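Shared chain: subunit A. Partners: subunit B in the first complex, subunit C in the second.
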Partner chain A sequence: MFTRNWKHLCRRYSQAVTFRTSEIYPAQHNENQIGLFYTIKPDLCKQLFNHGGLPKSFMKQTKTFTETAIMVRQPALDIMDCIRASDMNKPVIRYVLYGEKGSGKSLTLAHLLHYALEEGYLILHVPWVSEWLRRTPRHKEMTNSQTKEGFVDLPLDAAEWLLHFKTQNQALLKNCELKISKDYEWSKREKTEAGSPIAALVEHGINRVKYACDVIDALLLEIKILSNSKQCKTFVAIDGFNSFYYPMTRLNTPTKKKIKPEEVTLTNSFLELTKNDWNNGVVVLTIDQLAVPDENQESFLPRYLLYKKGFEHLDPFVPIEVGRYTDKEFLSCANYYRDRLWLRGPSDLETELKFTSASNPYNFMLQCAPL
Partner chain B sequence: MSILIKRSKSGCFNSACNVKLWRLNSTSADSALKKGEEEEEFRVLDILKKRDKMQRRVVKRTDVQPDRIDRMATNQNWGNVWPGPKTFHPSSVPLPIRQGYVPKGQAPPGKKANAELMKIPNFLHLTPPVIKSQCEALKQFCTEWPNLLNSEESIEKHYPLEIISSDYCHASPSIRNPLARVVILRVQLADLKLDKHATDKFKRLVGDRYDPKTDLVTITADRCPTKVQNLDYVNYLLTACYHESWNFEDWEKEKTEDDMEYYDWDNNASKRSLIDWYLRVKNELKIMNDEEYKAFDISQIENGAQYKASVSKYMNEGENPQTVQEYSIAVRKLFGLPQKKLV
Partner chain C sequence: MSLIGIRQIIPAATKYFRYPLTIGTFQYCTRTTSDPSNVLNDLTDWETLNKKKKISKAMKAYLERAKEHDEFMKRQQFEYNIGKRHLANMMGEDPELFTQKDVERAIEYLFPSGIYDPAARPSMRPPEDVFPARKAAEFDEAGRPHHCLFYTGKPNFFKLLHDAADHLQQLYKYEDQVIRKKATPDPNGNLQLGGSMWVNKDQLEQLLVEKISDLEYDNFKVVMERLVSLPYSYRYKDFIEKFRKPLAVQKFALEIPKPNYDEEGRAYITTYECLRKKARGDVTIRSPGTGKITINKKDITYFDDVQSREQVLFPLIFTGMQNRVDVECNVEGGGPSGQSGAIRWGIAWGLRSFVDKDMLQQMQVAGLLTRDHRRRERKKPGQPGARKKPTWKKR
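Coming up: the complex of A and B.
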């Protein structure tokens, strides 16, 4: 027993230097750590990604590996550098992550979320826009908006997001400095008064699901105002942003009318948020081919996926490509899999896998699974 | 028919025998016969025409002239022997030419009585000395080559219109080739005097006949049967397109930004968002109308020009990794962000 553990430890130690970094604070990451894995603490992970945020297949893998290890990659470092270099008093800068399917856009976003959390940003994170607009479970809750004529509410999704928001920003919401600027009257008896903390607003949205969409609208507006007045700095992360600009959603009204994305209240709230008419914030968006149907996945570049309207909405933005693994990254990843006993076999297996997966992170992960 | 003839022949034979027999028997009749011959009282109908058979005509062979080639001097002027295009004639051509199907183990048929040689057009009238002498004769009508047209560029500059057609020469009974009628007209778009609107309209009119890479407009005509007609037709087409592109129709005013053939940054949302961003940075945001946006001078915005160029290229050239990269560089410069580090 002892010898086995000893061997295990030795093996761990011999490889640990090559693919792991002990630096667990994303803000401290730099070029020296490119390609190395760092581990997010489980409680942090739970706080950030409990309600989504990591891709499903990756979640499965983290369960298998009993740790959430994310590779430090160039695009994330790039954005961190840019955030540090940018002037927060200027209008928010929109960063758009783009890349092939499975190249790690969502994980880069996860890395950045961790960074934002450590840096004390207020996080507004939409895990997957298509969840709202394109996924249609049997009982999708959908009502006509009470406040906006001709719009559609998704109250359950909205409440879920509020919960997500609440979990992610527990610490910030606890201290009651963030106060709302005006009265919100929801009904005759319910109203949120000016000066109450935004946590109250969120609570109201979660408890009274009926008003969740209106709450989000108000919340985002308030956060913009708060950011402008330097009371908080805000980190907006939206995964699969191009879903907002795909001409059609999969939603139908009870009268079988097809709904366009711009007819959903949530869309409008978040599109307002991604305008650059506020400051003291960062907006990171990912655009993904997977967020649109198969027939519109010809290219992964921004103009194609965002359409003219979306491009004009975001322009000027900073496009950042998340590419395939470089040689170093690939090797490090293979070592990591070997360490987790996920990949076994002769050492020239890597060469072959590199060829068959074309260094695409997702494909590599997929192909290692049965090995 | 043949049977009839045979009968009559046998009948005749019998009658002749009878006559002889009758003659031997009668002397008086014999004398009378003599008398008749002298006096020719009756003409005898000679049915079989045995008497004066036509003499066979003896075919007189005319004297065969010796071949002309045998009488040719070696230093003769060939141009006089064969002055113009004509069908091959063996006795005029002092060359041991052979042409035609080659039987096994034999030489190809010689030039005499050889139809193969007559079928094909020949160029015996265009020997180099003849051409030379003809050129000499034509020289007096030629003018001098202009001195200034000494290079390809100057020729292109002064004669921008290029007409391309082909002549064909081949071994078949007809010297016509249907492809010879095709006429191609080529002209550089820059050589045509067109303004911005007219250029756009001209491009739309000619469609894919315009190649943006080389700036050449190529008009091909092959619908008329002859080359001259096609030449007239291409000239007509060019003229018509040119004048039509200068026309400004009423409905052209309805052209919107979506109909534009290229991305004009100044008219697009990109300029508006850049200006809005700039004014927000300076905290001078104001509501402007379209004219003000168009009139706004972006040279006061640092790195604005590069941003403009990159967006225009992004839109005009189409989206590819290269243009996205350039856009990224321009935007980072605009925002004052560090450039992407190369790993």
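Coming up: the complex of A and C.
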């Protein structure tokens, strides 16, 4: 009885204030919806983020709240406006999201991914670069590349990414408009002929894990060509991009040799993709302090995290800062938590939480958890 | 100059270097009581009294003790005066104008002591300060007690209760009179007891020169509360205020500094020497503000953990000033908890100038204005930590 009353109270409270928008298409979002939450449909969410893409703690929260609600925030709207306003025939524009730890870069990227999906872009999304270069689980597999001398393959990771690519772009891959331009010979018996759909290439990579890295290399090249010839428009999203430029990875070859990121084939493929030598596409990158070890997290600014090399590689790019919550966003978020019965107690709790979390979204989420 | 040298020069002074153990030896000192009704004037002419024939044994014993004590005190007083003159000469000052304060200064200068507890440091004080007061004779030479309540064992205490009860009766009577005459009560006659409280048990014992039990102290409080609750209790104001002592709040309420004004016309106040553990810093509070906190030129994220942030925030939230003042702090030394504690105290101390009296009292009660003097305890030899003992091993 008591809990029902509580629920009732909270629901009534939540009806009194607006923190939610019914507009579920990101393309329709505008300045009026800043600070409001919108819900991504579960099947879409599964398609986009089944193989990663949302931060782990946020995933836990979505499970508790039984919905994936993302706040409409200024940086995402800015990028959408820029994309709409830009000329697709010009070389791709690189957008770089940066900001403090836990300020919502990945979720802004998720919002943009949803936008790209609704707009019919071909999505090339890397959920977290450090997963490849810095995380070393026991089953991490590494082989020397057979096509490129002195390079290292990560076949399992590559295959996983291909699967991710396949699920994200189910609809586009189904219609066989997208064809590859030249023959690829993998071995004596296996080869992919020119004119076969991209889906066949992807399938091959998934089935023959040994060639996954080479498949990715080929796939990215093909997509570039297809984009240039206006057969598809492409949306590249890479989370934790600065990991590609950190001087060392944590990977070791079986002979205990340390590997640099540029010696990994996957790195080269994706760095090739972030060059602005192609058009009809959008590149959104996030750079994050969490992607590098603790001792190199002094600043969150691009020049520090990308090093000189990475900065020159990306230059010119559009830097977009993802900041802490503004007062309005904070209040809306607190109301959302109250609606989900995640935050209870007197209403002056918010002022205190605002100070102790310093309006940092992640910290706010953490501190609300036991309340 | 060595310590021995000084002792040779002022042999008398060394007598008064009070060490805790020596106090207990003077148990038979008999002198003064706070109650003026007792007979004291015959204390000095004990010789003539001794000559009288009829004297009880109790009186005889008392007179002997009194004589002994008087002599002792006289000697002590004499030695104290000599010692004071010596000290004055050594310090090159006029011995006639040398006060107790000068004595303390001289002792601190001549015998510098690093002993932690101030009570254990060398001191020289007048003998009446050092030796506790004793009750005077409560009976005459024939052995008859002066006081009517002598046989209760605690005459002063029960006299107090009697007086209080008597005042109660008087007040009832007075109230009846007022009602009968239909007179209007005196408008400016009321008792202000807000800033004071009843003396505690130890202080009451000192006032009465008698030991009392907890139950008796409770009885005292009940009677006094009842007396105070009556409408015309102001008639016995003197009697009541003898047993009340002012609260500590009033003391520092007087010394709150007035804020300064900067070029923008904002009131600001800077608290220097905010200390906690090893951290020290200063805190500036500017009054019309928006709740901006700057710590060493960073915002609240200077502290990583929630606890430290809460500490900084607590005085602001407690006083409800979180959106009305700006805070700037500089801290150094120590760790996060020490630094945040220092800032907390600095903010609370600075906020005194911007809050009203009620809030000040609440802050005092909440412990915001209290310095935390605790420091890290030193490690002891032979054990792994300050208190931790090595793991017990049978052999």
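Just so it is clear, the second predicted complex is superposed on the first by the 356 of 371 C-alpha atoms of A that agree within 3 Å, B and C clash if a C-alpha of one lies under 4 Å from a C-alpha of the other, contacts with A are read in each partner's own complex, and residues count from 1 in each chain.
The rule is simple: a residue touches a chain if its C-beta (ideal position, glycine included) is under 8 Å from a C-beta of that chain, and two chains touch if they have at least 3 such contacts.
Note that the structure is a prediction, hence the values are computed from the model and not measured.
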| item | value |
| --- | --- |
| Superposition on subunit A - do subunit B and subunit C clash or fit | fit |
| Touched partner set for A:367, first subunit B, second subunit C, both or neither | second |
| Which superposed partner A:318 touches (first subunit B, second subunit C, both, neither) | first |
| Which of subunit B and subunit C A:81 touches, first, second, both or neither | first |
| Once both complexes are placed on the shared chain, angle at subunit A toward subunit B and subunit C, C-alpha, multiple of 10 degrees | 50 |
| First (subunit B), second (subunit C), both or neither touched by A:27 | neither |
| First (subunit B), second (subunit C), both or neither touched by A:326 | first |
| Subunit C versus subunit B, contacts on subunit A by residue | B |
| Contacts of A:199 with subunit B and subunit C, given as first, second, both or neither | neither |
| Where subunit B and subunit C come nearest after superposition, their Cα distance in Å | 8 |
| Contact set on subunit B toward subunit A in their complex | 268-270, 273-274, 276-277, 280-281, 307, 311, 314-315, 319-321, 324, 327-328, 331-332, 334-338, 340-341, 343 |
| Complex contact set, residues of subunit C against subunit A | 291, 293, 299-301, 306, 309-310, 313, 317, 322-323 |
| Touching residues (chain side subunit A, partner subunit C) in the complex | 351-352, 355-356, 358, 360, 367 |
| Contacting residues of subunit A [partner subunit B, same complex] | 31, 34, 74, 78, 81-82, 85-87, 90-91, 93, 98, 276-277, 279, 299, 301-304, 312, 315-321, 326 |
